[in-house]
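In what follows, structures are represented as structure tokens.
Two complexes follow with chain A in common, the first pairing it with chain B and the second with chain C.
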Partner chain A sequence: MTAPLLEVEDLDVHFPVFRGPLRRRAGTVRAVDGVSLRVMPGETLALVGESGCGKSTLGRAVLRLQEPSGGQVRFEGQDLLHLGKRDLKAARRRMRMVFQDPHASLNPRLRAAEIIGEAFTIHGCTRAERDAGVAELLTLVGLGPDFAQRFPHEFSGGQRQRLGIARALALHPSFVVCDEPVSALDVSVQAQIVNLLMELQERLGLSYLFISHDLHLVEFIADRVAVMYLGRIVETAPAAALFAGPLHPYTRALLAASPSIDPDRRAADAVIEGELPSPLNPPSGCAFHPRCPHATDQCRAEMPPLAALATGHDVRCWHAADWMAAAPARAEALG
Partner chain B sequence: MAIETATLNAVQRAPGVWRQSWYRFRRNRAGMLGLGLVTLVVVVALIAPFVAPFEPTDQSAMLRGAARRPPDAIHWLGTDRNGYDVFSRLLYGARTALLVGLGAMTIASLIGVIIGGIAGYAGGMTDELLMRFAEFFMVIPVFIVILAVVRLFGIVVVGTWMEDIPNLNLLTIIVLLGCFEWPPIARMARAEFLRLRNAEFVEAAVCIGTPRRDILVRHILPNALPSLIVLVALGIGGAILAETMVSFLGFGDPKAVSWGQSLYFNYEALKVAPWAVLAPGGALFCTVLGFNLLADGLTDAFNPRLRQ
Partner chain C sequence: MGTARYITRRLIFAVCLIWGVSVILFAMINAIGNPIEILLAERPGITDEIIESVTKYYGLDGSVTDRYFTWLWAIVRLDFGTSIIYNLPVSEMLVIYGMETLKIQIPGIVIALFVSVMISVLAATRQYSKVDFGVIAGAMVGHSLPGFLLGIILILIFSYWLGILPSYGAYSTRNPVMGSEVIDGLWHMVLPVSMLVFFNTATLTLLLRSSLVDVLRQDFITAARASGLPERRVVFGHALRNAFIPVLTYLGILFGLMLGTAPVTETVFTWPGLGALYIMAIQQLDYPLIMGATMIITVMLVTATLLTDIAYVVIDPRIRLG
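The block that comes next holds the complex of A and B.
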């Protein structure tokens, strides 16, 4: 078995909250709370969850755009959180991010060539290397070198996202965090960008941490899926297994809530009610129990562990084994 | 498709943010008027030595008994009570005004952008301290400080090497104005740096390993400039007005030819020789108005959304 490219262990990102005129510490928002995950070389791990569950924060913390408050991140064998300035800069050659909003993520004062070429300049390439690299990247993302001298506002949304991808791929990174890279785009353009990302992955052997809330997209692009709820991972599984037999009630509710044209998919589970609880004051026990139709006293009292039920299929639910046992029966009933 | 792109490239060479702003600015009548007035002042300041009919220090009219003469063919705007040619002093006054305005605002922008930039980017305690420091400067009455320092400094330097510096008084005023006009710029710079520090494109730059210096100079500062330029343009007018007031109170530089000085020399003779007061007064009005209109036009050009 090959070594994982990225290994996250017990990662915490906590934000202190200050209130009142004296700025007294009123509490802590646990945006990411004890998350562990692995990304293998060439693999796409999708991170799914509703807005506010901490998936973007996790993505940013992995790249140290947001300083984590605890835990470990190992990337290509290095401990990312304890790297010096110079080593971190070297590590940044290998890991990148594609941002959600292609309008906000490109500096409006710089031309396309400058935006893409910046990485080359910073990491000590010559001018000739930079120009060649920029032309190559522009072609790679399907724009072509003619676009080098344009400003971001002269591109359409999809083209801008291509530009963002080209910037992320400068100097051949091995790992890219895609933070909802298509959710700001038109549906017709979304498909193009997703295809581009998959094509690039195949050609360059990239690994993706693909953050999204679009389950259909995730099913299409991901090798493995991690479902997040209130700063914690509640279920991790290979994409096929997760979509065929989701075990955590939250995952099931998510799948039920996403419209499907496949009648077999229309799960009988009730759609979850209520709001995402405040991460400032999370519920006791299992964080999902206030919204869970199957909650028991144990759920209210104790936080379930993330337990492995099948190979690569981890679920954080006290009743996961019951669902597992019920799954074939359900499938029969439906099918 | 290829042909289309090619012609597109040939026709419009990618207008940048500055050029776009210029297109918008050009449609703003008040702004263009301001730009015209400012250009006029700059041109006058540049060509003053070549077109002024008399030296600004030429008092020979006094000897001829031609002081306080109304405008005629020789003295286009008349002479004042000291025998100076009003028109020549008007032209030379533009140089002083611009020197004061640009000098003071250069100093103010440097201090303001550095302090505001650090405060906005660093945040936290640093931000708090620097902004309280800026507020401390805002509550000091600039005018009284200038009057006191100009007078005291004028006495202190007597007998030292500094006495030989030409226009020392004027320089003092410029430096003092610069040192007291920076807080508004610092506040704006702080706000902009604070906003842009968390912009996604700055994050993207951090992500590829851009050093902090490049982030500040290449990514944040250029995007903060438009708002700052507006403040600077407004401040130039303010600085010119402030210097005029100091001079009008008789605390100006006796060796400098400034409009405020002319007003100070001649206001008592307003009824006898109104031209000697109206001419520098009008010039001052036009200059300050010009800078204010320019600043206003720039606001609209840089932030078109404010208008809607």
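The block that comes next holds the complex of A and C.
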């Protein structure tokens, strides 16, 4: 078995909250709380959850764009959280990011060639290397070198995201965090960008941490899926297993809530009610219990551990074994 | 629309604007009353013949339109006539006094720009820290303080109590400081320039800090960090370049308003500049001087706005010309 490319162990990202005229510390928002995950070379791990569940913060913390408060991140065998400035800069050649909004993520004052070429300059490439790299990348993402001298506002939304991807692929990274890379785009353009990302993954052997709330998209692109709720991972499984037999009530509710054109796909679970609780004051026990139709006293009192129920299928639910037992019937019902 | 066409259109608009001001100015001056009556008022032994010859001397005997076009043609040739009070060519006076104004206003803006950039970066990169709150509070106070008050406080401390800096004028009449006229001139500039730097810094910092905070939050800044760009270059390269756009507008206004605020500064420090001259001309009803100075102020304001518009196009590629 090959070593994982990225290994996250017990990662915390906590934000202190200050209130009042004296700015007293009023509490802590646990945006990411004890998250562990692995990404293998060439693999796509999708991170799903409602907005505000901490998935973007996790993506940024993994790249040290947001300093974690605790835990460990190992990337290509290096302890990322204890790297000095110079080593971190070197590591940034290998791990990059694609952002959600291609309008906000490109400096409006720079031309395409400058946006893509910056990484080459930062990491000490010559002018010739940079120019060749820019032309190559523009072709790679399907834009072509003619676009080099244009400003971001002269591109369409889809073209801008191609530009963002080209920037992320400069200097051949092995790992890219894609933070909702298509959710700001028109539906017709989304498919093009997703296909481009998958094609590039195959050609360049990339690994993705793919953050999304679009479950259909995740089913299409992901090898494995991790579901987040209120800063914690509640279920992680290979994509096929998760979509065929989701075990956590939250995952099942998410799948039920996601619109589908296939009437058979509409599961029996009730759509979740209520709001995402405040991460400043999370519920006791299992964080999902106030919204869970199956919650018991145990759920209200104690936080369930993330337990392995099948190979590579971990669930954070006291009653997961019951859902597991009911799963064959469900699978049959789904046909 | 091309840049050249855009600039041409702006230029034509600017000329029309200046012409409009000239019409209004001429109408207003006419509405004040017959200048000859004011000029010769309360003087003994004035006969009708004298009034007639003085009117002819100043060219006030024609119709209003005749006089307007004569004046317009003269100011186009930069001939603003002769000051009634000082008996000197107005154009010459405007140049001499204008230079004195620029001598304190230009350093007042340039130094403030550098200082506010440094302070804004310091505050914006530490948003909501004690430093940040201190900068906001200080800038608010500086921005709200009445202009003359700080000038008077500065004079009180440095001239009256400490006695190290001159409280008025641009030059010493006798015994220049350290025996050099250059050093003497610079020495006199210290207080007025400090006052201008203080006010300009306060306003520029308020603007630039909030603009920087806004830009630093954006994804392209995170993207630059993600590529491994050192933080200093992220802030000064990517963030500052984008945060500067709203500040540019204010700089344009500041250069234009230089002459609007000059009367206050120059009155407090008895500085022999255009602002003080303008106030004096109005008090003594020196018609050619009032009209000349007003036209010069108009031209400077319009030019500053025009340059700002052009600078925008150069600095921000997103701006659509139209």
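Rule of thumb we're sticking to: the second predicted complex is superposed on the first by the 332 of 335 C-alpha atoms of A that agree within 3 Å, B and C clash if a C-alpha of one lies under 4 Å from a C-alpha of the other, contacts with A are read in each partner's own complex, and residues count from 1 in each chain.
To be clear about the criterion, contacts are C-beta pairs under 8 Å (C-beta built on N, C-alpha and C of every residue); 3 or more make two chains touch, one makes a residue touch a chain.
Computed from a prediction, not measured in an experiment: that's the story for all the values here.
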Query = Given the superposition on chain A, are chain B and chain C in a clash or a fit?
reply = clash
Task = Figure out whether A:R74 sits in contact with chain B (first) or chain C (second), or with both, or with neither.
result = neither
Query = Of the two partner chains, chain B (first) and chain C (second), which one does A:A119 touch, if any: first, second, both, or neither?
reply = both
Inquiry  = For A:Q149 in the superposed arrangement: first (chain B), second (chain C), both or neither?
reply    = first
Message = After the superposition on A, what does A:R38 contact: first (chain B), second (chain C), both or neither?
response = neither
Request  = Applying the touch criterion given at the start, work out whether A:P108 contacts chain B, chain C, both or neither, answering first, second, both or neither.
outcome  = both
Message = Just checking: does A:R94 make contact with chain B only, chain C only, both, or neither of them? Give me first, second, both or neither.
response = neither
Ask   = Where on chain A do the contacts with chain B and the contacts with chain C coincide?
value = 60, 63, 65, 88-89, 92-93, 96-97, 99-101, 104-109, 118-119, 122-123, 151, 164, 167, 170
Key: List of chain C residues in touch with chain A within their complex   = 218-220, 222-230, 238, 241-242, 315-318
Key: Contacting residues of chain A [partner chain C, same complex]   = 60, 63, 65, 85, 88-90, 92-93, 96-97, 99-101, 104-109, 118-119, 122-123, 151, 153, 164, 167, 170
Key: chain A partner contacts - residues on chain B that touch it in the complex   = 5-6, 9, 13-17, 199-201, 203-211, 214, 218-219, 222-223
Inquiry  = Quick check on the complex: what are the chain A residues that touch chain B?
reply    = 60, 63, 65, 88-89, 92-93, 96-97, 99-101, 104-111, 118-119, 122-123, 146, 149-151, 154, 164, 167-168, 170
